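Quick one: structure below, then a few questions.
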Amino acid sequence: MATIATTATDTVPKRPNPVWQFIKAEPSGVAGLFMILLYVVFAFGAAGISPYNPEEIDFAGMLSSPSAAHWFGTDQYGRDVFSRIVYGSRTALAVGILSAVIGCTLGALIGAASGYFSGRIDNAIQRVVDIMLSFPIIVLAMVVVAVLGKRSAFGIDFNLIAAIALPIVPRMARVSRASTLSIVAMPFIDAARAAGFGHSRIILRHIVPNIVAPYLIMVSASMAQAILLEASLSFLGLGVTEPTPAWGLMLSGASADFYQTAPWMILFPGVAITLAVFAFNLFGDSLRDWLDPKLKS
Amino acid sequence: MLWYLLRRLFLVIPTLIGVAIAVFFLIRVMPGDVVVVKLRADGAAVSEETIEAERKRLGLDKPLYRQFADYMIGLTRLDLGKSLWTGEPVNKEIALRAPVSFQIAIMAGLIAILIAIPLGTLSALYRDSWVDHGIRVVAVSGLAIPSFWLGMLIILGLLSLFNWLPKIGYVPLWEDPITNLSVTIWPAASVGYRYAAVATRMMRSSLLEVMREDYIRTARAKGVWTRLIMRRHALRNALLPVVTVIGLEFAFLIGGLVVTEQVFNINGIGKLFVDATARGDFNLIQGLVLFIATCFILINLLVDLLYGWLDPRIRLN
Amino acid sequence: MKRTVLGLAAATIALAMAGGLAQAQTPKRGGTLNFGVVAEPPNYDCHGSTTFALIHPIAPHYSLLVKFDGKDYPKVVPDLAESWSVAPDGMSYTFKVRKGVKFHDGSPLTSEDIKASYDRIINPPPGVVSIRKSYYSDLEVSAPDPSTVVFKLKNPMAGVLEALASPYNCIYSAAKLKQNPRYPETEIMGSGPFTFVEHVKGASWSGKRFADYYDKGKPYLDGYKVFFVKSGGVVPGIIGGQFDAEFRGRNPQEKAQLLDKMKDNLSVFEGTWVNNLMVIFNTQRKPFDDVRVRQALSMAIDRWGGSEALSKISILKFVGGVMRPGYAMSLPEAELVKMPGYSKDINKSRDAAKKLLEQAGVKDLKFKLLNRNVPEPYTPAAIYSVDQWRRIGVTAEHEQLETKLYQDRVAAGDFDVAIEFQADFMDDPTAQFSKFLTKKLSPAGYSGHTDTKIDDMYEKQRRTIDVAERTKLVRDMERYALTQAYNVPLLWWQRIIVINKKIHGWYMTPSHYLWQDLSTVWLDPQ
């Protein structure tokens, strides 16, 4: 951390171990983190964990109810629902993390620039942010999907990520601009300017470290939002494509015809989405509670 | 107050114009041709010539600047043009679907307020008790459950418990209130849960914030009157951020209905938007996006004004 | 429906039962038929439309010159034409127009109106969209006297009567067309069994009995009301009693749901549908320019096994070639199984497919399968095909786009392999082969092949009037098409209609576009 910026935190008694502190102060956050880790294990170890190939059709076993062979039952193609959920965490985490990180990073930079330069640049950026904020999230994402179409590589649809990341940008920009403004007003920035440091050096060394906390909070909150949004878009048939396993997709289309004959087809994927969003929310909330007092000091 | 109102209104106009321009150009980049979808998507072997003729008739062959000028001129008269799919005015298409969506949104809002204020208050009052924990779990779940899935669960529940499905087709409330409510209550409940969760959390935290302030603390020292004080001081002040969040979420709700309307077969704004984007009906898409954005901006404005009215410090700033 | 549907015992029995019941009783007058339609027509002009969303609400308002018989498809029976004769050389058709037919506004309908309507289809005035004009380009209409219409053929053409029985060829008023050639887009004025009452946008459409309908005593209903609902709304709509039928077709799951809820109150009709899904190979791209690769990919797909399983979860069911299985001109099953991809021994077929790929020098084939994001039946078809190809070591990545984007890409030839469909109101090969031709001859020749041999065969059968000879030509063409495999049919659809038992006099045909004027439908409230 930069020398000047750390003086503020130096007065706080030394933390022996921030991880331990976090565990003690925020047990629910730890629970959230634990669930997130579980999904991460699912995502990386999908091939080892899932008992079946999630895309393999087996009509002989179609629509079978949950059993020892198929924990969560099978769908109308005889595909194992549990395996599809395990593999689905890959899709959800990949899309969720990538779009949250991309959206927040972009937003943070834009917001920091806006707050730092002030004046005309700030005004122009703020107008654009205002405009972007006046679209409901899903409407903006749907328009982006419709405009960009699909472009996938490594099994990930990058235009889908763009569509989910875009609504995050103005929200993060708002937050980072506010933090930047409060930092710019501090004497050490004047000092840095007087010392003849360039804009990029001041932004990178003084402002960026100071918006790390709101950035982290926003990233974890945005991940929950991104996972929900991906599920919604896939549900509408605008997101992930069959036969790729994705939770929202498992709920869409024909699955509504199976309400009664195979309720497990709609129960388990929904639970998977809910728990994932729940975990990120829990963790994000705790992170905020934990980081906020530090910000205030 | 009047000055504040004017200033706020004045700020809204450039945003709206910006939205209108952004939407127009964003949509023109959209690939896909409404005429091709209309004439060819059902499998007919239609010649290029016929397609060109229809494009011409709909004015899609005009240069972009002409289309843009027509659109902006239309906007000054609040005319959003005609749907390229049905040929009907976009205003009419929207007016037809808006009532059901708004009704659901308002009902969801009512559900949220009815749940959030008592639950949020209880949660703050009995902070860190099991009541608080229980309410917080309910609230955090509300944020996590996708409303469309909740809708599916509601349908599943109705089917397996009562062997009954909500009727489809919207009847205005004043014509047949029972049918109307039996159609709208389910989507309202499924989007309302999230709404209630957000508001409950806000209610709780803002009450806690207010209770930390000194005058409450002294009042509280008097002991037995806790509940009364809750009502008189804390409740009023705590309601400010709740008002904000209810307003903000209301606008999000309209967007959220896009997905939930699909689950319940509701012929509202959301379905219209999904259909319009699938068909590439430019005029309808831009009209709808503009309409939704305007609702959003106006509701935010209203919230701000309400806020200013409730809390004089803000409008003086 | 004619019992041409060989081997579809269950279907025929259901039909026979429903038909038998209807025949046994005398029709009752009165009542309103409520039914659902899962899409809404963009405008009201039959000539410019291709969708059942227009046919179902609007067909009851219009008469046609001749129509397909609902009870005996594909027989063509009189509508406005009382009778007709064909010149010995087959080059002209003369129709006697019924006398005393009235339009809904009371004006008389004469041969002039029929001529004006057909002129509008064949040579649309500026601003009027006529979708099928090229189909009728060989015809010339004249009205020598008020009760005679003559269609002269510029070139020999097979299936003229069937073409004239198109449900889209609504007869409009010549006088009104003169005032405004686009009146049918926004206004309903015809001579059909029902007059127009109202169209509540986004909700409903209703019609009232036309007392002056030419067929005295008909229609039996007092009126009808259409509810525009999403596809998912049909089952709740019928269970909730809001309406009693949907005439496009439901999937097997929906049938099961309805039967589960109201067992004894339903009539079920099942049969083949003049719709199929096909796989299109982009022959402009390697390696799909190689016939061995195309055949191998077709041979990897187990159609017979797929039929059995997919028919339980989707509307995909019947194994067939380019012509609907059961249609008079289609390849008999014994011949069909000799075609690449139609063998009943899938393991042998897959081994042969792998060998073909090897011979073609193609290893680890990877491609994108373009599809539209319509869940039924496109998604199951793609999921199934991707899985089938995986079994011979071919990786297909499913790329499912919105219909408009899909159309763009297919028309531009920007795809490897795509899932297309064929749907029309009749089986005539001239209509059914349109996607198998070169781009020069057909705008829907998406595979981009330049094999004019198939075009020549197509043109030849189109000009062959003798049925036996034409059948032979069509079968040759079908064999050639299946061997070249520019496009390969996947599976044909099953049409499942579930309606309330009180509805009588509705007949099932293999097309959801036909016999929807509701003139013979009646209700028995029991």
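Letters A, B and C mark the chains in the order given here, with residues in each chain numbered from 1 onward.
The criterion applied here is as follows: a residue touches a chain if its C-beta (ideal position, glycine included) is under 8 Å from a C-beta of that chain, and two chains touch if they have at least 3 such contacts.
Only a predicted model underlies this, so the values are computations on that prediction, with no experimental measurement involved.
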| item | value |
| --- | --- |
| A-C against B-C, pair bridged by the larger set of C-beta contacts | B-C |
| Chain at the geometric heart of the assembly (C-alpha centres) | B |
| For subunit A paired with subunit B, centre-to-centre distance based on mean C-alpha positions, whole Å | 22 |
| For subunit A paired with subunit C, centre-to-centre distance based on mean C-alpha positions, whole Å | 47 |
| Rounded Å distance between subunit B and subunit C, as computed from the means of their C-alpha atoms | 41 |
| Residue numbers of subunit C (touch at least two other chains) | 232, 402, 405 |
| For subunit A, residues contacting two or more additional chains | 146, 149, 256, 260 |
| Two or more partner chains touched - positions in subunit B | 31-32, 262, 277, 280 |
| Subunit B partner contacts - residues on subunit C that touch it in the complex | 42-43, 48, 50-51, 126-127, 129-134, 185-186, 201-204, 227-230, 232-233, 235-237, 239-240, 242, 261, 402-405, 407-408, 411, 421-424, 434-435, 442-444 |
| Contact set on subunit B toward subunit C in their complex | 31-34, 36-48, 50, 53-54, 57, 85-88, 92-93, 96-97, 163, 165-170, 262, 265, 267, 271, 277-280 |
| Sites on subunit B touched by subunit A in the complex | 14-15, 18-19, 22-23, 26-27, 29-32, 140-141, 143-146, 148-149, 152-153, 155-156, 159-160, 251-252, 254-256, 258-259, 262-263, 273-274, 277, 280, 285, 289, 292-293, 296-297 |
| Subunit A-touching residues of subunit C, taken from the complex the two chains share | 232, 251, 253-254, 256-257, 260, 305, 308-309, 312-314, 373, 375-376, 379-380, 382-384, 386-387, 390, 397-402, 405 |
| Complex contact set, residues of subunit A against subunit C | 55-57, 59, 62, 76-77, 146, 149-150, 152, 237-238, 241-244, 252-254, 256-258, 260-261 |
